[in-house]
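What follows is subunit A paired twice: with subunit B in the first complex and subunit C in the second.
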Partner chain A sequence: MNLLIDSFISAISLVISMDKEMINIVTVSLKVSGYSTLFASLLGIPIGFLVAFESFPGKRFMITCLNTLLAVPTVVIGLFVYAFISRRGVLGFFDLLYTQKAIVIGQTLLILPVVAAFTIAAISRIDQRYRKTAMTLGANRLQTAFVIFREARYGVVAAVIAAYGRVISEVGISMMLGGNIRSFTRTMTTAMALEYDKGTFTLAVALGMVLLGLSFGMNLLFHLFQGRVRS
Partner chain B sequence: MKQMSMRIILVILAFCFFCSNGLAADKIIKMSTTTSTQASGLLDVLLPELEKDTGIRVKVIAKGTGAAIRDGMDGNVDVIFVHAKAREEKFVHEGFGTKRYAVMHNDFVILGPAKDSAGINGLTNAAEALKKIAGAKAAFVSRGDDSGTHTKEQALWEYTGLPLEKKMQTILKKGKKKEISFIHPPGLGQWYLSIGQGMGKALTFADEKQAYIMADRGTYIKYKFGRDVPIDLVVLCEGDPALANPYGVIPINPKKHPHVKYDLSKTFAQWLVSKRGQTVIANYRLLGKQLFYTDALAR
Partner chain C sequence: MLFNISDLTKRYSDRTILDIPALSFKKGAIYGLQGPNGAGKTTLLNILALLEIPTSGIVSYKSEPVQYSEPSLQPLRKEVVLVDQLPLLFTTTVFNNMEFGLKIRRIEKEERKRRILKGLEMVGMEDFAQLPAYQLSGGETQRVALASRLILKPEVLLLDEPTANVDAASARQIKDASLMARREWGTTLIIASHDRDWLYEVCDEVMHLFRGRLIGAGEENVIFGPWHSHKDSLWERKLPDGQRIYLPGAPGPDAVALIEPTSITPLTETKRDASGANILEGIVSRLTLEKMSAKIVATILIGNLPFTVKLSTQKIRQENLYPGRRVTLHYSHNSVKWL
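Now for the complex of A and B:
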């Protein structure tokens, strides 16, 4: 019990004093997960939209595949990307391994299916009558797509939130591809794993608190955004 | 019906009691140790011999030295087997352990890429080698996990006489403030890569980045000669007395933690420094190379 109280008190003082190292770790985390969410959204939303909007052979199979990929463990993605960008791998000469770019690549791959699958779900839920109405009112395909997308934006934002939550909290990819280099690729989750290994829990608890705080803040932000969209 | 269920519960309770009794009667102790003793394969040879002689079985929890010592302080284990002499002596001095038994030593080596851009090949002075690496700003991988190896590396940086950056982290322990220091040359995150991971991981990391690294010889041999895809790094600096790496075993003090099995852990420690235990250690070969040199019989 003592341990918990001690860690908690030190953690609060760490957060209040805005410890330089802690700020650095938080910044790295936000940066990489921000980029990967951005890239995954830029790719995943159009993919999801196309799959949901168009009908083509193998559509159901593709959706099943995407849903399966939702559950891919981070270490599998980590290994996969590692094999490519390792010095002995195909893309070895780019010297990408153990950089922030490597984490972004891995995390983007991780959440691409999340964004796509959730977008598909959001678009498919939209009543078919919207589509028909838009078309009878003389909208072309692009305009129809726009109408449907606008109706589904609530679900699409939810897709982005879910994706962001997955990357900010994952540890496997950050550790395997980022390498946990202090003040370069050390993220909140890898730092916590390390502090646990070292047996000093202060920074770990402090970072855990910051992580929770950030997630809460982010969700609040999205919530406000969604609320505005709805009204 | 009620009586029936009462009986069943009693039987279950009695069963649990006998089971736990049986467990307690077994001679099992828990030991926190460094990753190097386990990764080198020494424990796989040592512990079966121990069981043959004394009947004691050891549950091994392999961590960094820092975490192992922490386990000892918290009374999570019965004995620790680590390599950071100064910290071990402090541990005993503060009353957490009863006595430090000097068991054995091996040594550290400084590895690097064969092309050796910092030009340290053949140096026998470790501090000199590190100074050259820092001068060339050649990539250097540090464990950075508060382990025995990391402790050693920080001490070596201090020997170089270079201006170092020091970060103190204050943590509260039982209401008292305690400082943890982290010493490193300037260039953190640029050429000095502190990755906070185990020895094996750090080695593959350094190999991947073609960086310099300080490693214990055991893990190096394993990764160089015992793998399908050996690492490319080569030994560039060795033989400095400052690179010696002594291991000690410390039973946890029953006065601090009454629940520890002191009798067993003491027997274990004494067996390790006995002629029998020392012979097993001296005869241990990893891929044909002697890894550990005994410390208890020499004196």
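Now for the complex of A and C:
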């Protein structure tokens, strides 16, 4: 118990003093997670929207595949991307392994199905009468799509938040593709895993607190958005 | 003609929802569509609103056959608008909802504002412009939905049961605003409604849809089975109040009989024929002036089953018919049609 309390007190002082290493780790984490969420959203939202909005052969199969990919372990993605970007891989000449870019690629692949599947769910839940209303008011396909998207915006934001939550807390991809290199690819989760291995809990607890704080901040933003929509 | 329909069918899987060999709508007229739930009224309105594609047949708008491709349909949808039975408003303010269709038509901002205020005034909701749409009641939603269509000054306004789910005050405003569109802009109105009195009061023509088919002018008395075989090749159906109606030539026990309202005669002094098989007792519940024929449509309740009888004002006076008066109805066996 003493260990936990001592670690907690030390962690608070580390957070208050804005420890340089801790700030660096948090910055790397936010950067890679932010980029991967951005890229996954740019790809996943249109994919999800098109799958939900359009009718085409194999649509159900595609939704089933996306739902299956939601459960893929991070280490599987890590291995998959590693096979491509390692020196012997087909993309080896880009020299991406153990870089932040590698983490972003892996994390983007990890959450792309999350964004797409949740967007499909959000769009599919929208009452079909919205489409009918837009069409009878004279909207073309693009304008109708915009109406549907606007009505589903809360659900789409939830998809992005969920995806961000998945990448900020994942460890497998960051470790396998980033290599946990100090001041370069060390993220909050890989740093916590390392500190645990070393048996020094202070930084791990401090980073855990920051992670929880960030998670809380994101949820707060989400609720603010929800409140704005409701009003 | 504004709309011309020929050999139209609409099927979902193996079920035929609509089967209309020919139907026309004139520009500037008001049409009523009557029929029980599931008769195909909504499907017909959706096809006329160019929101559904018929399974077969040709729909012509302004003498041009409708081409079912998005680029061809979209300009037509700007002229033909539909108010759903349960309309939805977008999750934004009433003003933004009303502005949507105007923006699509690239109407100038000032003109948009002017039309929106006029539209809200037409449905008695001037003070609701900045209110979020989700705060409106069902009747208010229906009125805003109607107003947002009216301000588009459509060529054709299709109304699907516009007063079915609203209170009397909202219904009145909806009815008045719809008629104003016809008066001010010559909009053709096609109204599906169970409100028989309203339809007969305002429509130039009322049509009756039943199981996807047009069966007449909307006034026919529809009598469902079960029918039981009776003597002299007559079929018998027991009515809710215990009286029996006898008709000849039913194709089966579950057949549906149609009796023309003009073939039923009210007799205040009972005059039974020899068999007594074509007489019913009832009470006059309503008298409505029919705009298109200038005749009186009398609703006679037999038990709780309404029968429609169409009479001249002279006959009404002669028989001294008024709501509450007991009458004997004599119907002709020759005018019965079976479905």
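Convention: the second predicted complex is superposed on the first by the 231 of 231 C-alpha atoms of A that agree within 3 Å, B and C clash if a C-alpha of one lies under 4 Å from a C-alpha of the other, contacts with A are read in each partner's own complex, and residues count from 1 in each chain.
By definition in this document, a residue touches a chain if its C-beta (ideal position, glycine included) is under 8 Å from a C-beta of that chain, and two chains touch if they have at least 3 such contacts.
Keep in mind that what you see is a predicted model, and the values were worked out from it rather than measured.
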| item | value |
| --- | --- |
| In the superposition, subunit B vs subunit C on subunit A residues touched | B |
| Touched partner set for A:219, first subunit B, second subunit C, both or neither | neither |
| Contacts of A:129 with subunit B and subunit C, given as first, second, both or neither | second |
| Which of subunit B and subunit C A:21 touches, first, second, both or neither | first |
| Partner chain(s) touched by A:182 [first = subunit B, second = subunit C, both, neither] | first |
| Which superposed partner A:197 touches (first subunit B, second subunit C, both, neither) | first |
| Interfacial residue positions of subunit A with respect to subunit C in the complex | 127, 129-130, 132-141, 143, 147, 150-151, 229, 231 |
| Subunit C residues within the subunit A interface of the complex | 49, 51, 70, 74, 77-78, 81-82, 84, 86-91, 100-101, 104-105, 132, 145, 148-149, 152 |
| Subunit A residues touching subunit B - in the complex, by the definition given at the top | 2-3, 6-7, 9-10, 21, 86-88, 97-98, 179-184, 186, 190-191, 194, 197-200, 202-203 |
| Subunit A-touching residues of subunit B, taken from the complex the two chains share | 63-64, 66-71, 74, 144-146, 167, 169-175, 180, 188-190, 193-197, 205, 207-210, 229 |
